[in-house]
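In this document, chain identifiers A, B and C correspond to the written order of the chains, with residue numbering beginning at 1 in each.
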Amino acid sequence: MSDRPRPATTGGGTALLGAAALVALATTIVLGLRLPPTVEQGPYARLIAVHPPLAWAAYLAFAVCALASVLWLWRRTRAPKWDRLAVASAEVGVVFCALTLVTGSIWGRPTWGVWWTWDARLTSTALLLALFAGYLALRKVSVDPETRARRAAIAALVAVADVPIVHFSVDWWRTLHQGRSLAQITPQDDLDGSYTSVMLLGFVAMTLLYGWLVAHRSRVEALEARLEAEGLDLALEERRAESEVVEAVAR
Amino acid sequence: MWRDALLVAGKDLRIEARSRVATNQVAPFALVVLVLFGFALDPDRGVLARASAGLFWVAVLLSSLLAVQRSFALEGGDATADGLRLSGLDPAGIFLGKAAAVAAQLAALQVVLALGVVVLYDADLGGPALLLATCAAATVGLAAAGVVYGALAAGLRVRETLLPLLLLPVVAPVLLGATRAWEAGMGLSVDDGWRWAQLLAVFAVIYVTLGVVAFGALLEES
Amino acid sequence: MAPVVRFRSAVALLGRFPALSGVDLTVEPGEVVLLEGANGAGKTTVLRACAGLVPLVSGEAEVLGVDLRADRRSVRRRVGLLGHSGALYEDLGAEENVRFAVRAAGGDAAAVVPALSLLGIEGRLRTTAVGRLSTGQRRRVALAVLVARSPSLWLLDEPHAGLDAAGRDLLDDLVRSAVAAGATVLLASHETDRAAAVAGRTVTMAGGRVQPREPARVA
C-alpha cells in the first residue's frame, strides 16, 4: 500500500485480488449447491461450504486487527497505515462474524427446530462479535485521530486478550451439556471427499474476499485521512488570519 | 508505583467514606436487582434457589458497572483526570490504586449480596473455601477489567452508555466461571469448581497486567 | 542559563481545531510573564501545553529542559497549573486535598499546614468538604496546593478571577515570593492593569500565535 493514496480505491493489485475472490466465491457456491444433500440434514448440510470459512475469516480479521494494533502501539513501527488496517479489518470481521452466526443459526434450525443453539463455538463467536462491536463503537466516539488510534489499539488488545478465556470458558461450559452442537452436524462420513474439498475451496474464497474488502476499506480510510489533513491546513490558515486581523486593528 | 497505588486507593476509599455512594446507592441497587429477579422468576418452584449462583453474579456484574463509573466520575467534571495527569503520579500506580478501591467496594458488596441471596432465595452456601476463592479471583478480575475500560471510556460524553457495551462482553467469562464455580461449591452441579476458579485467576492476572502496562497510554486525553 | 520555556512555531490541536498555530515564546528563569489576548486566542492552551497536557503536532517546545514532543509526562511534577476549575476533590476537605496533591508530587508533607495558613484557610475551613466552599475559597485552596508543592514553573490561568480584593493582593504577594524563591511565573489574565503590575513583561496572543512586539509609537 503506497503512502500517497490515489483518489480512487482500486488499483492493479486489488483488482486482481477482487477477481480471484469473485471466481473462488462463485465456484464455491456453484459446487456447494451441487453437493448431494445428506440424510440427516437435507439440503442444509451444504452450508458447510460457507459457515466454517466465514468463521475462519472472522477470526483472521480479528487477529489481523490485533496485530495491526500492536504494530501501531510499538513506537518503532508506528505508522498511520496500521491504524487504518486495524479498523478496516475489524469492520470486515464484524460482518463476517455476523454472517457466521446467521449461517450457523440457519444450519441448526431445521435439525433441532430452534434458532439458536448454545453451541460452544457459536456462543464464543457471538461474544467475539460483541467485543468488536464495542471496539467500533469506541472508535466512532473519539474525535481526534491520534487519541482514537491509541484508544482503539489498546481496546483491540484488551479484547483479544479475552478471546482465549472466552474460548475455554464457553468450551468447558458446553461440554458438560452435551447438547446440540454444530460439530455434530458436520458430516463425518462424506462420500467422495467432496464436502471437504468444497469447504476448503470455501476457505480460500473467504480469505481472498477478506483481503479484497480490507484493501478497499483501508484505502477509504487513507483518503479520509488525507481529506482531514487538507482540512487542517485550511483551518491553520484561518486561525492565523485571525491574528492578522487583530494586528491590523491594533495599528 | 506501589506508594502511588496506596495513595490513590486511600484517596478513593476516603472519598467513598465521605460520600457513601457505594453504601447508599450501589448496595441498595444490587439488592433491588435481587428482588426484581424474584418478581421475574416464579419463586415457588425452587427456581430461584437453583439459579441463585447465577443471579448473584449477575447482580455483582451490574453493580460493578456502577462502581467503575463512580471511580471515574469522582475525578471530576468534563476535563476528567486532568488533576490525575498533573499530579505526577505513576499511571500504573493510579491503575492499581483505583482497581484496589473498586475491588474493596465490590468485596463489601458481595457480602451484602450473599446475605441477600441466602435470605431471599433460600440458597445454601456450602463449600465456603471454593466460594471465597472464586469471589477473590473474580473480584480482582472485574475490578481490573473495569478500571481499564473505565479509562477507555472516560472523558467521553457517552461514557455511561459506552462502558456497559465495552465491559460486559469482556467480563462475560467471569460471569460464566464464577457461576459454575459457585454451583459446584453449593453442590448444585458435579463440575470441577476449582478449575473454574483457576480460569478466573488467569483472567485476573491478564487484566491486572494489561492495566499496569497500558494505563499510562490510556490516561492521556489526547 | 537555559530558558524555562522555549516554544518555536509550536502547533497544537484540540481535536481538529488548531488552538496553537505557530507559537514563538521564550521565558527566562525568574521572569513573570503575562499572557494577554481576547477569548479564544490560545492563552489557556499555551499554559496547558507548558504543563505537558497538550500534544504538539509540529514545531519545538521545551519546558524546564524537557522536550515536550518526546516526553510530556515528566515535566508535570515540576510545574504547577492553576486552571479555571481547580483540580480538587469535592468530597475531601481542604487539608486532605492539599496533602494528597503534595504527596502525589513527592513533596514535603510539612509544607501543607503553613501553605493553608498563608492562604487564610484556618480552623473549620480546613476540614469542610471543598464542594461546600465558595468559589473564592476554592481558589485559595487551589493556590495552597501550588504553594505547598512549590513547583519551578507556575502556570496561572486567570488567577485573579473569583478572588476578593484581599485575595488579589495575597496572590500578587505569592507571585513575588515565589519568584524570590527561584520560580518562574507565566500567567494569563484579562485584568491587564493589575497583572501588569506584577509582571515583568507582557506577551499578546491572537489566533493561536504570539503577536510580535509593537515598536513604541511616537504619540
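The criterion applied here is as follows: contacts are C-beta pairs under 8 Å (C-beta built on N, C-alpha and C of every residue); 3 or more make two chains touch, one makes a residue touch a chain.
Note that the coordinates shown come from a computational prediction; the quantities given were computed from them, not determined experimentally.
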If each chain is a node and each touching pair an edge, is that a line, ring, star, complete or other? complete
Can you identify the chain nearest the overall CA centroid, using each chain's own CA centroid? B
What chain pair shows the greatest number of contacts? A-B
Between chain B and chain C, centroid-to-centroid distance (C-alpha), Å: 38
Intercentroid distance (Cα basis), chain C paired with chain A, Å: 47
Let me have the rounded angstrom distance from the C-alpha centre of chain A over to the C-alpha centre of chain B, please. 30
Which residues does chain B have that touch at least 2 chains other than itself? 220-222
Multi-partner residues of chain A (at least 2 other chains): 144, 146
Which parts of chain C, given as residue numbers and ranges, touch two or more other chains? 13-15, 55
Which stretch or stretches of chain B touch chain C in the complex? 4, 7, 11, 14-15, 18-19, 74, 76-77, 79, 82-83, 85-89, 216, 220-222
Residues of chain A touching chain C in the complex: 143-144, 146, 228, 231-232, 235-236, 239-247, 250
Which residues of chain A touch chain B in the complex? 73, 127, 130-131, 133-134, 137-138, 141-142, 144, 146-147, 150-151, 154-155, 157-159, 161-162, 165-166, 168-170, 172-173, 176
Would you mind writing out the residues of chain C in touch with chain B in their complex? 13-15, 51, 53-55, 73, 76-77, 81, 83, 85, 87-92, 96, 100-101, 103-106, 129
Chain C residues within the chain A interface of the complex: 11, 13-18, 21-22, 37-38, 41, 55, 205-209, 211, 214
